[in-house]
Structures are given as C-alpha cells and as structure tokens.
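Both complexes below contain chain A, partnered by chain B and then by chain C.
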Partner chain A sequence: MILKALWQKKASRGAAILLLLLGLMALLGPALSPYSYKEQLKNGEGEILSHMPPKIPALRFLGIAQGRSTLTDRRLDYLEDESRYPAGSVLEVQNRRVSESGLAYGDVVVDYYRYMKVEEGRSFWFGTDQLGRDLWTRLWRGARISLLMAFLAVAIDLLIGISYGALAGYFGGKTDLILMRIGEVIQSIPNVILCTLLILLMGRGIAAMILALALRNWVETARLSRAQFLRYKNREFVTAAQALGVGDGRMIFRHILPNAMGPLITSATLAVPGAIFMESFLSFIGLGIPAPEPSVGTLLSDAQSFLQTQPHQVLLPAAVIALLMLSFHFLANGLRDAFDKKEEAES
Partner chain B sequence: MGRYIAKRIGLMVLTLFVILTLGFIVIRLMPGSPFDDPNYSAEMIRMLEEKHHLHESIPRQYLTYLKGIFTEGYWGVSLNLEPMTPVWQVIGRRIPVTLTINFLSLLIALPLGLLAGTWAALYRNQWPDHLISLLTVLFISVPSFVMASLLQYFLGFKGGLFPLIYDPAGSEATRLASLVMPVLALSVHPIAMICRHLRGELGENMQAAYMITAQAKGLSLRKAVLRHAFRNSLIPVMHIIVPLFTNILAGSLVIERIFGIPGVGGLLTRSINAKDHWLTVTVLIFYAAIHVVTVLITDISYGLIDPRIRLGGGRHDT
Partner chain C sequence: MKRTRFLFLTWALALVLSACGSASQNTTEQPGGNTLPLVTEAGTEAAPVVKHLRMPDGECQTFNPYLANTQDEMMNDFAQARLYRRFAKEDRETLYMRPELAAEEPRQMDQEGLVWQIKIRPGLFFTDHTGKLTDKPINAAVFEHSFKMALDPALKQRAGDNMSIYITIKNAKEYFQQTPEAPVNWEDVGIKTLDDLTLELTLATPSNALNVMQQFTGYGTVPTDPELFTSLMREEGTAYGTDHTKTLYCGAFYVTDWVKSSAISLKKNPNYIFADEIKITDATLYYVENYQTQLEMYLKGDLDATALDAAIAPNYAEREDYLSYPARYLMQIEINRGNWEKPILDNKNFKDALWYGVDRVALAKLEAGTPANYIIPDTSLADSATGLLFKDTPTAKSYREEMNASYDPAKAKECFYRALQEEGISDKLTLKLMISPANPEQSVCAQFLQQHLAEIFGENRFELKIEEETDRANLMKTWRDNPNAYELCLSNWSRAVTDDSPFNVFDKYSEVYDMKVNSPYGNAFINETIFLQTTDPRVKTDQAYNVELAGQMEKAALENRLVIPLFERSFQYLISPKLLLPLKEPNPSMGFTLRPWLGDLR
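So, the complex of A and B:
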C-alpha cells in the first residue's frame, strides 16, 4: 500500500527510477569499462595519459565528448612537426596572432587521443584524471562506495537509535531521563568537530568514515523512536498483549516496532543524503577516505583545482552528488506523505 | 529564568571543556611530530620538541596546557604554519573575512527567503507555489559546495562575471567582487530553509480564526496575510535564524577552500595536515564555542517567548 501510494506520485516515482538507475550504474558501471579504478593508463610509449578529455564514440552524431582539447598559445610553425603533433591530430587553429618577435601563435584544437598517441579504438568515456586513471570507472566506483558508506552508516544509526529510543520510551521514568540526557550531551558537540576528532583518532579510512557518519545521527533517530514508543505503548493492542503475558523484548520488537516504523523509515531515507553530504564535506576538508579508493566526495574535491581546464572532472561528480541527494529527498517526501495517508486511513 | 540561564551557561562551559579535552587527547595521540621535516636533524627535532613540551607524557602535557589556559589565558603558539605566533592571533586575523561572508549570506538569505515563502503561501497550490517548492527542494538538497563549483564554473569561468579565486592583494573592489560567489553559494541553503519554514507557518496561520475575522471585516487575503498572519509566523521563523548561522559557518569551512578565501575555514585542514597541534585544538574550540553559544541564544529566546519551553536544543546544524 505504501509502495503503491509512492508510485502514484510523479515526483517520488521519478526519484525512485532515478535512484534505481544511479544504483545500477554504481553496481555495474565499473565493470562496463575495461579499465580499473587505480591503474595509471599509459600509451604505447609508456607515457602516462593524464587529463585525457572524455571520448564517447557513440555520441559522435552529437559532436560532444569526441576527445578534443584546445592547446592555448602554441607556436604555429611547429604544426607540421610530426614529433610534436602526430599525423591527423591537428583539427583547427583559432585566434591566430603574431607575437612581438614576429612568430605566429594560435590556439590549436587537437584530437587529444591522436596527440597523445593513444592506440586507435581506445577511449575513456569520462576522460582520465591527473594521474591518468579512468574517470568513468572511478566515478561509478566512487558512487558505489559513497552509497555503501551512507547505507551502512544509516543502518548503524537505525540499529542504535531505534533500540536506544525504544528503551527510553518503553520503560520511561529514570531510564528515559538518563538515556535522553546522554543524548543531549552528545548532541551539544558540533557534528563537524565530532567527525573530525573520530577520523583523526582512527585514521582516515572507510570504517572511520562510516562510524563518523553514524556517530551523532543516531541520537536524532533515538529521539524519534522514543516519541513513537511513547505514542504506542498505551494503545489497546499493547495492553492486550501484556494481558496475554508477552515479555518486554517481544513487545518492543514484535508488537510496537512494526507499528512505529513509518516515521523512522522516512527519517532513515532522509539520513542517506545527509550521510552522502557529510562524506563529501569531510572529503573537502581533507578527512575523506584515502587514495586510491574513490568516493564522490574525494572525486569532487580532488577535481576542484582543475576546474578551469578540466571542468567535466568537477561537473560529473557534482551532478552525481546532486542527483543522489535530490532523489533521496523526493523519495523521503513521498514516503512521508504515504505514511501520513496510511495513518489517517487507520485512525 | 536567571537560574535557567545560569544552568545553561554552566553546561555550555562544561561542553567546551569536554571538547577541549577530547580534542587535546585525540590530537596528541596522532602519530608523527609537528617537526617532521627532512631538513631538520634529529637533534633539532628533539630540541624543538623539548621547547614545546612535546616530549613529556600526554597527561603531563595536558596539565601544562590547562594551566596555561586557565592561569594566563595562554593557548599556545602556532608550531608550523606561522611559527611562534600565538594561536589566537593567527585565528583572529582570519575572523573578519569569515564573519563578513557569513553575515552577508544571512543578510541576503533573510529577505529573499521571506519573500519567496510569503509568495508561495499566498498562491498555495498554484504555479508560484509549485515553482518555489521545487526550487526549495533543489536548494536544500544540493550541497553548498556543489553550488559553489557550479557558480565558479558558469558565472566565474564561462561568464567571466566574478574573479574565480580571492586575491588578498587585489583592490577593495576586486576583493568585494570575489566575495559574491562564495556568499551566493552559502546563502542558497538558508534561503530555502527560511522559505520552507515561513510557508509552513503561514499556511497554518492562514487557517486561524483571526484570519477569517480579518477577511470578514473586509481585508483582502493579501492584506490580511501581510498584516496579521505574516507577523505571527515571523517569530517561529526567527528561531531558525541562529542555527542557520552555525550552518553557514560550517559550510564556509569548505566554501573558503574552494574560493581560496583566507578565513578561519581553511585553517582547520591546514593545521591538521601540518600537525600544528595547538592551532588545531584552538580552531576546534572556536567553532565549538560559536556552536554552543548560538544554541544557547536559541534556547533562551525560546524560553523568553514561551516559558513552557525550558529544554531542547538546536538540531539544525551540520
């Protein structure tokens, strides 16, 4: 019923389809390309193929991503020199001008793949980075790792948060007071600082990142879970179950929790883009996962210094981050509405 | 109220102390020495470490450190980035530019957010509302650093409208121009937050009985909204302003790096990488202090307006 309500809304249907596509690419994308995420690609002469422009042969009819590159301020009398410009590499010369010393200069548009003597037939769909690693593979592997870290962080967050909140809400009284106070103390420390300290303590790495992402979020989940348990624990079905002699553990997990899941699922869906955001954020301040493993955050932050010459290296991970976050937000909105409707229908 | 504030301030100081301690321990447990420089001989490193008490045991260093702070207000000197400069001096020089971009962002976000929120509420479920809702989700979900990259590429590089990178040696005008994009990038999120909040509040207030009265007395919907509902909705919206500021401040950690602004933001990363221990701890304390103070202000303002609220906390931070 929830899924049906979700599917009927255009925005959440779009978001779900987009997420499926992105997820599929994160799973399969790296395998579609023949290159690995960490191998430094070289041409036949052993030169590293750094900063290759994107080349997607299938898009020839659009005229984009054809592996072209503009070399600025080149001496035009070298154009015929085949040791500098291999045969067929020069496509066009723009901004012809003559310098003070009388030499002809210009911006040379080249087929960068011929220019770098890449074997015919080899193409890097999203180009390569500074170290000559294939960006298609890295981008999708990065998306996979970022999603994996976000999901694991949210799973930990839910596991701790729900049980913690359940204890506080179900038992109430002193337990509630003490548990919630501890939560408040943790929340009074800014998240950025908590994450920074944890990563410094554990050293940069995937496990440290996952823990850092879950470190404080669970308190919010615990609050929500507590509120849900407070709401449900005095309902008739709980009293009835109690009368039948159901124990506390069974009551919490088998009777109350399934009823209380709605808002928790919505909040978990919102926590995923939150984690992706935080991961990129931490990558930017130098606390991301260590090389050579990519994540969307480290890809974006590493590419930042080449924005002017290699804009696609920035725009592609930026687009993946933005799309992931947008679709999770729309999905969460849809879920919230669907659960609200369900509740209305039941009460 | 006085007792409540005193208690909150006590808790605040305690929190800062906990952060100071945690920060100190974690940073001192990090492997490596701030003087790991191939140009230094082992003898020199030993001398430098002795000079800064780095050779002592960690608990002892901690006590020396605390004693310095509490008896003389001495937070240590920068070890690497600006050797021997007191840390607060290093940070202090960078505070103005950071605060400038943060306040400017908030200053821009406030009227725009309020305007958009009111417009959306007035045309509920018509095209302006849908458009604004779409933009709000877009602005809330796309991180500020992604926005910054996009602005930098399209406005700065392709459009050539603003300098790509902050040039501290440039003229007053170029420096101001180079702050435009960072401020824009930082204000996107608060605009959306203010707008979403105001739209929600206005929507609720427009259902209130006094609105029907106002309209029955002949006020147009627009006038009734602006004169009555808007004012009542403003108070809850004002409460998110303070947490938003902390949020912008956290965002500027990254934005300053992207645009090369010499603010406090870049200092955290640089001091961590350079193992400039005392500087790192102090920058952490600087951010933590702003965070807890803003939370305190929010909570007190809640308490002043609604005495029933005496607990809670800012939950709108990054």
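So, the complex of A and C:
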C-alpha cells in the first residue's frame, strides 16, 4: 500500500527513479571508464593532461562536450607556431583586438585534445582535474563514497536513536527524564564543532567521517522514536499484549516498533541528504577523506580555484549533490504522505 | 510660463557660476577621489596630482617589525626605512645599495674588519599617523634599543634570528639564545652607541662593508621609538604595532587608517629623507586572501597588480601585463632520518630512490615552477655588483650539470627494492608525508608524489599517506625531543636573503644554528663548514671564497641527499600598464615585494 501510494505521486516517483539512476551510476559509473580514479593521465610525451575539457563523442550531433576550450588573451602572431598550437588545434579566433603596443590579441578556440597532443580516440567524458585524473571516474566514485557514508551514518543514527528513544518512551518516568536530558546535552553541542573535533582526534578517514556524521544526529531520531512510543504504548493492542504476558523486549520490537516505523523511515530518508550535505561541507573545508580518495565535497573543494576557467569541474559535483538532495527530499515527502494515508485508512 | 522661464534662468546661472567657481579654485578631480590645492613655485595654485596605488597584500598581523612575518613585509616596506636599502638606478636596470637612515657607508675601524661604525643622518625624527613630524628623534641610541628589542630572548622571534645572517655581531646570538642558566648581558653584545649619531658594531668574524650594509636592509632592523615601544610592550603585552595611531613611521609613507583583515591606507610621508623621489601620493594595501578575488578586482580595475595562482597563471602568460618573477624558494622533501621507528628514512638507497624517482619536469609544470635538483636557488646572486648568479659560476656548473638527468624511474625502483632488502622489509612500506593545510601548492605536490612514487615503486610495495598538519613547522623542529614526530615533510624554504652570500643558504641545514634546524640533517661537513664562518675571516670578506665554499656545501648536500629538492616556485603577476615599477625587469635582490612605492603611476 505504501509503495503504491508512493508510486502514484509524480514527484516521489520521479525522485525514486532519479535516485535509482544516481545509485546505479555511483555503483557502475567508474567501471564504464577505462581510467582509475587516481591515475594521473599523460599524453604520449609524458605531459600530465591537466584540466582537459569534457569530450563525449556520442554527443557530437548536439555540439556539446566536444573537447573544445577557449584560450583567452592570446597573441595572434603565435598562431602559426606549431610548438604552441599543434596542427589542426586552432578552430576559431574570437574577439580580435589590438593592444596599445600594437600587438594583435584574440580569444582562441582550440580543440584542446589536439592542443595537448592527446592520442586520437582518447576522450574524458567529464574532463580531467589539475592532476590529470579522470573526472567521470572520480565523480561517480565520489558519489558512491558520499552515499555510502551517508547511508552508514543514518543507519547508525537509526540503530542508536530508535533503541534509545524506545527505552525512554516505553519505560517513561525517571528513565525517560535521564535519557532525554543526556540527549539534550549532546544536542546542545554545535554539530560542526563536534564533527571537527572528532575528525581531528581520529584523523581524516571514512570511519571518522561516518562517526562524525552519526555522533549527534541520533538524538533527533531518539526524540522521534520516544514520541512514537509514548503515542503507542497505551493503545489497546499493547494492553492486550501485556495481558497475554508479552515481555518488554518483545513488546518494544515486535509490537510497538513496527507501528511506529512510518515517521522514523521518513525522518531517515530526510537525514540522508543532510548527511551528504554535511559530508560535502566537511570535505569542502578540508576535513574530508584524505587524498586520493574522492568524495563529492572534495571534488568541489579541489575545483573551487578553477570556477572561472573550468566551471564544469564545479558544476558537475554540485549538480550531483543538488539532485541527490532534491530526490531524497521528494521521496521523503512522498513517504510521509503515504504513511499518513495508511494511518488514516487504519483509523 | 514666466515661472518656468525664471526657474530655467536661475538654474542656468547657477550652472555657469558653479563652473566659474571650480575654475577659479584651480583644482582637478583625480581618480583617487581627493582634491587637494597645491601651490606651485610661481605662487599660483596647480592641479594636485593624486597618484593612488592599490595593491593586494597578505593579512598584516602587526606593525611591530620584530614580531613581523612575511605577510607583514609590504606594509613595513612602505612605511619604515632602514639603515641601508637597495634602490633602483635611474636606468631602471639594476639596484644599488644606498644609505637610507644611515648617512654613509659603514666605516671600517680596524685592519681585520671586526669593528665598524655607522653614522646616522642628523636631524631625523619619526612621523605620526597624521603625517606630522614628532619630536621623537631617530639616532644611534634608538637603533641600539631597536636591535636589542629585535634580539629580545623573551620573544625569540625571526627578527632575532635574522640579526646574524650576513655578519656575526659579537655575542648577539648568545644574547638572543641565552637561558636563565647561562645569561648574557646586553653590555657584552657588540652593539654600542658612541655618540648621538654613531653606532659601533663589534663583530666576532671579520666582514666587509657590503655584508654590514646588507645586514641592516631587513624589516626586522627598522627603528622604533624606545619610549613608545617600551610603554606599549610593557603595559599592554605585545601591543606595539597593533594600532596604527600608536605606531611611528620613518619610511616613504605613513599609515592613515588600518581596518584589520581589510585594508591599510597610506599617504606619502613628506618628512621622508627621499620624499622628493617618491611619486606615489596615496596607497591602499587590500587584504584579499583569495587569488581569484584578487584577479577579479584587478580585471575590474580595482587593483593595480595581482598575484596569480600557479594553477591558472599559464592562462595569462601571453598578456602584456603578465610578469613572471624569479623563483624565491624551493619546494623540497625533508626526511626525518632520526625517526627510529622508520629506520629506512636514513637508508641511502631509499633516499636515492626518492631522488631518482621524482619527475621534476612534470611536477614543476603543474606548479608553474622550474624543476630543481639543487638547493641554492637559481636567483641567488654570487655578485650583486655584476649580477652574476650563483648557478652561472664555474663552481656551480662543475657539479650541477652532471646532476641534471636525475629522473630515472628504473634506477629509483632498483634503489627502493635494495633499501627494502637492507631494512628487512618484506611487505608494503607505508610512509606519511606531512604538509601544511590550506596550502594548494603543497597539496598538489603531495598528491602528485603519492601516485607517481607508488607507480614507480609498485602500489603493492609502497604507499604515501598525506597528512595535513597545522603546526607542521614547529613539529619539525621538535625532532630532538620527539624523534618520531614525523616521517617525510614538504617544505618550501625562502632564501631571499642569500644575495651575495649563497653560502647562507645552508644556515638552516646546520646544527650550529639551533633556531633554523628543521630536520636531523646530521651532515658533518655542513656543520663544520657553517662553523667556519665564526672562525674563518675569508668567509665574510672574500666573495670568491664564499661562493666556492657554497658550491662545496651544495655538492656535499646533494650527494648526501640532505633533502630532495623538487622545484623552484616562481611568482606570476598581472601588473597594470599604469604602474611603472622601479625596475624594468624583476631582479632577485628586490625581495618578495615588487616595491611599487618606488615606482610611479601613469
């Protein structure tokens, strides 16, 4: 019923398909490219292929991603010099002008693959970074790592948060009071500070990042879980189970929790983009996973210096983050509506 | 209708009158925004010429010259004079050493060159932040006090360390490095005030006049008013230089405003000794951290110059306003050979593997630098009078040429496996390479080495982990007490002070100079040769001998793989065609700044 309700909503259906596609690309994308995520690619002369523009031969008919680049402020008297411009590399000269000293200048559109003497038939779909690493491979591997970290962090959130909130909500009284005050103390510590300290303490790495992401967020899950348990623990089916002598553990995990899962699943779905965003933020400020492993955040951080000259290096990871965040949000909205409908139907 | 006509006529009259008024005041609105009346020699008012220079700068932390660091250099360069400084000749081709606050070249008072007297110009006073000449004099006593503050053992700052670069003042280093157990009195230091305008220096090692002058060109040797300095440092901790209104100036400019982490505004100092030669009237040093923002500001016309990020510099190389400035520092791998947990770091074959394993040409291209398999920078002058660079001396050529073909992956691999065998390592060798965080150059270099060396040595046998360490420089210096503090480290040492003394490059590699030792270099030859300068008078008086010795030391250092040099970093700028720099071509002796205040704005 939930899935059916979810599928009926256009936005959540689109989000689910997009997420599936992004997930597939994160899983299979790197394998589609012949280059590894850390290989520093070189041309036949051993020169590192830095900042190659995207080139996707299949999109030639659209006129995009053709491996062209515009070299601004170039002296036009050098155009015939083949040591600077290999044969066939110059495509067009735009914005011709003469400087005060009488030199002719212009913006030279070049086939950058010829300009850099890249062997025929070689192409980098999303271009390369400063160290000549293939950005297609790095982007999808980065997305995979970002998603993996986010899912694991949310899983830890759920595990701790649900159990903690269940205990507080089910037993109530002093147990509830103590547990929730502890949670509030933890929640009062600013997230960024907590993450930064933990990463500095443990050193940069995937484990540290996952722990940093999960360390504080479980409190929110615990509060929600507690609220759900408070809501259900006095219902008739719970009283009936108690009358039949069902133990506390069984009561929590077999009887109340399955009924309380709706809002928790919705909350977890919303927590995933939050974790991705936090990971990207931490990577962006230099606390991400260490090189050469990429994540979407480290890709963005590495590319920020080249925003003007190589905008695609920023736009592509930014687009992946944006799509992931939007998809998760739409999916979470759909889930919430679906659970609401289910509840309405049950009541 | 009448009312409209009346209003129109009134408006027209007002317009004419206001135009006449402007003309009669004889002032001209200048791009700088200020309109100042100026009286000409004939007594008539001429259009004021406002030449407002706008430069990007690092974040200035302090105006205190003895606590200042590289990022504080530009402000000091504009606003504070020294005893001696290099100025551009009229032909704008070369620089020459000129007495600035000193009245003349130092006088040699003995045969050996151990005692020198420096005469201070008479009638010098500090200027305050309003441009007013104060009654605070600049005399010999002020300099003695200033040098004492630079050598303050309590502060232990770079300025004190730099007091012993070109000459060895008697007991100066001992005073600076004194401990409570072994105190040294200031009276025993070879800096004395003889009279109001005469300062006498007694050296531990003979020197020549050029070295004495060079010693006092640095911003750590500028004078400060003793009364103001002492009161602020005593009463408010290290408050001197944190407020522009409580700082006194003696340079070409004075500071009118300082918005911290934003901008420093300066005006030409009419009381400066060479004020007539200064053409710039106003200057603003903007703190712009990001190169990209600097570039944007420059392209919009908000700055007269911008430094370029190495990664994007090649994109601008064909522009007419592009200027590539000679390299001033070397990027190199420091090896902590004293790390007993990783004895392979002291294995000669392992060091050879690193030496032969780096493709310096590819790396230098990534960093817009020059591949380097040497230690003395290419810009180091062997003789500033003739402009002879150390690299062009027969000494350097005799051994540098044979070392040029240093990239040999097969040999590197062979050395690496031999080292593993010698150290009994049968599995993967993992080493940590420490770098500074938020240093894009080091990050790119480290990531290049990480992959490049793993490809040569085999990914299953070698892994380089990159570790960003905020306190990298200080951690490196702890090797004596904490030998395992690090393994490998990238360092980029500036040797801007090596002009006329390439020998001095090796200060930091000797264990004689305690403050400068970064790694346990453990090179006996270098230690002994550096020690020579305190005993052998020829080192500071015989330029050819100095160069010869520097060559011997570099050869020994390279053969010992003291460090693994990688590339020299050059600096790229875009300079507005309006800005006429003091020299047509960049000159190594200029230091880090372009010294635009000595130039002109067209």
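Some notes on this structure:
Assume the second predicted complex is superposed on the first by the 344 of 347 C-alpha atoms of A that agree within 3 Å, B and C clash if a C-alpha of one lies under 4 Å from a C-alpha of the other, contacts with A are read in each partner's own complex, and residues count from 1 in each chain.
Everything below uses one rule, namely that contacts are C-beta pairs under 8 Å (C-beta built on N, C-alpha and C of every residue); 3 or more make two chains touch, one makes a residue touch a chain.
Keep in mind that this is a model prediction, so the values were computed, not measured.
In the superposition on chain A, A:L315 makes contact with chain B only, while chain C stays out of contact range. When the two structures are aligned on the shared chain, A:D81 is found in touch with neither chain B nor chain C.
Of the two partner chains placed around the shared chain by superposition, neither chain B nor chain C is touched by A:E92.
In the superposition on chain A, no contact is made by A:D248 with either chain B or chain C.
Looking at the shared chain after the overlay, A:L307 reaches both chain B and chain C. In the superposition on chain A, A:I48 makes contact with chain C only, not with chain B. When both complexes are overlaid on chain A, the residue A:G286 reaches chain B and chain C alike.
Of the two partner chains placed by the overlay, only chain C lies in contact with A:S101; chain B stays clear of it.
With both complexes superposed, B is the one of chain B and chain C in contact with more chain A residues. Within chain A, the residues touched by chain B in the first complex and by chain C in the second are 286, 307-308.
Of all residues in chain A, only 184-185, 187-193, 196-197, 200-201, 220, 273, 277-278, 280-281, 284-287, 300, 304, 307-308, 311, 314-315, 318, 321-322, 325-326, 328-330, 333 touch chain B in the complex they form.
Of all residues in chain C, those touching chain A in their complex are 291-292, 309, 311-312, 315-316, 318-320, 359, 362, 365-366, 437-438, 440, 443-444, 446-448, 450-452, 465-468, 577. Contacts from chain A toward chain C in the complex involve residues 38-40, 42, 46-48, 50, 71-75, 78, 99-101, 103, 105, 130-131, 204, 286, 290-292, 305-309.
Across the complex, chain B meets chain A through its residues 11, 15, 18-19, 22-23, 26-27, 29-30, 137-138, 140-143, 145-146, 149-150, 152-153, 157, 164, 246, 250, 253-254, 257-258, 268-269, 272-273, 284, 287-288, 291-292, 295, 313, 315, 317-318.
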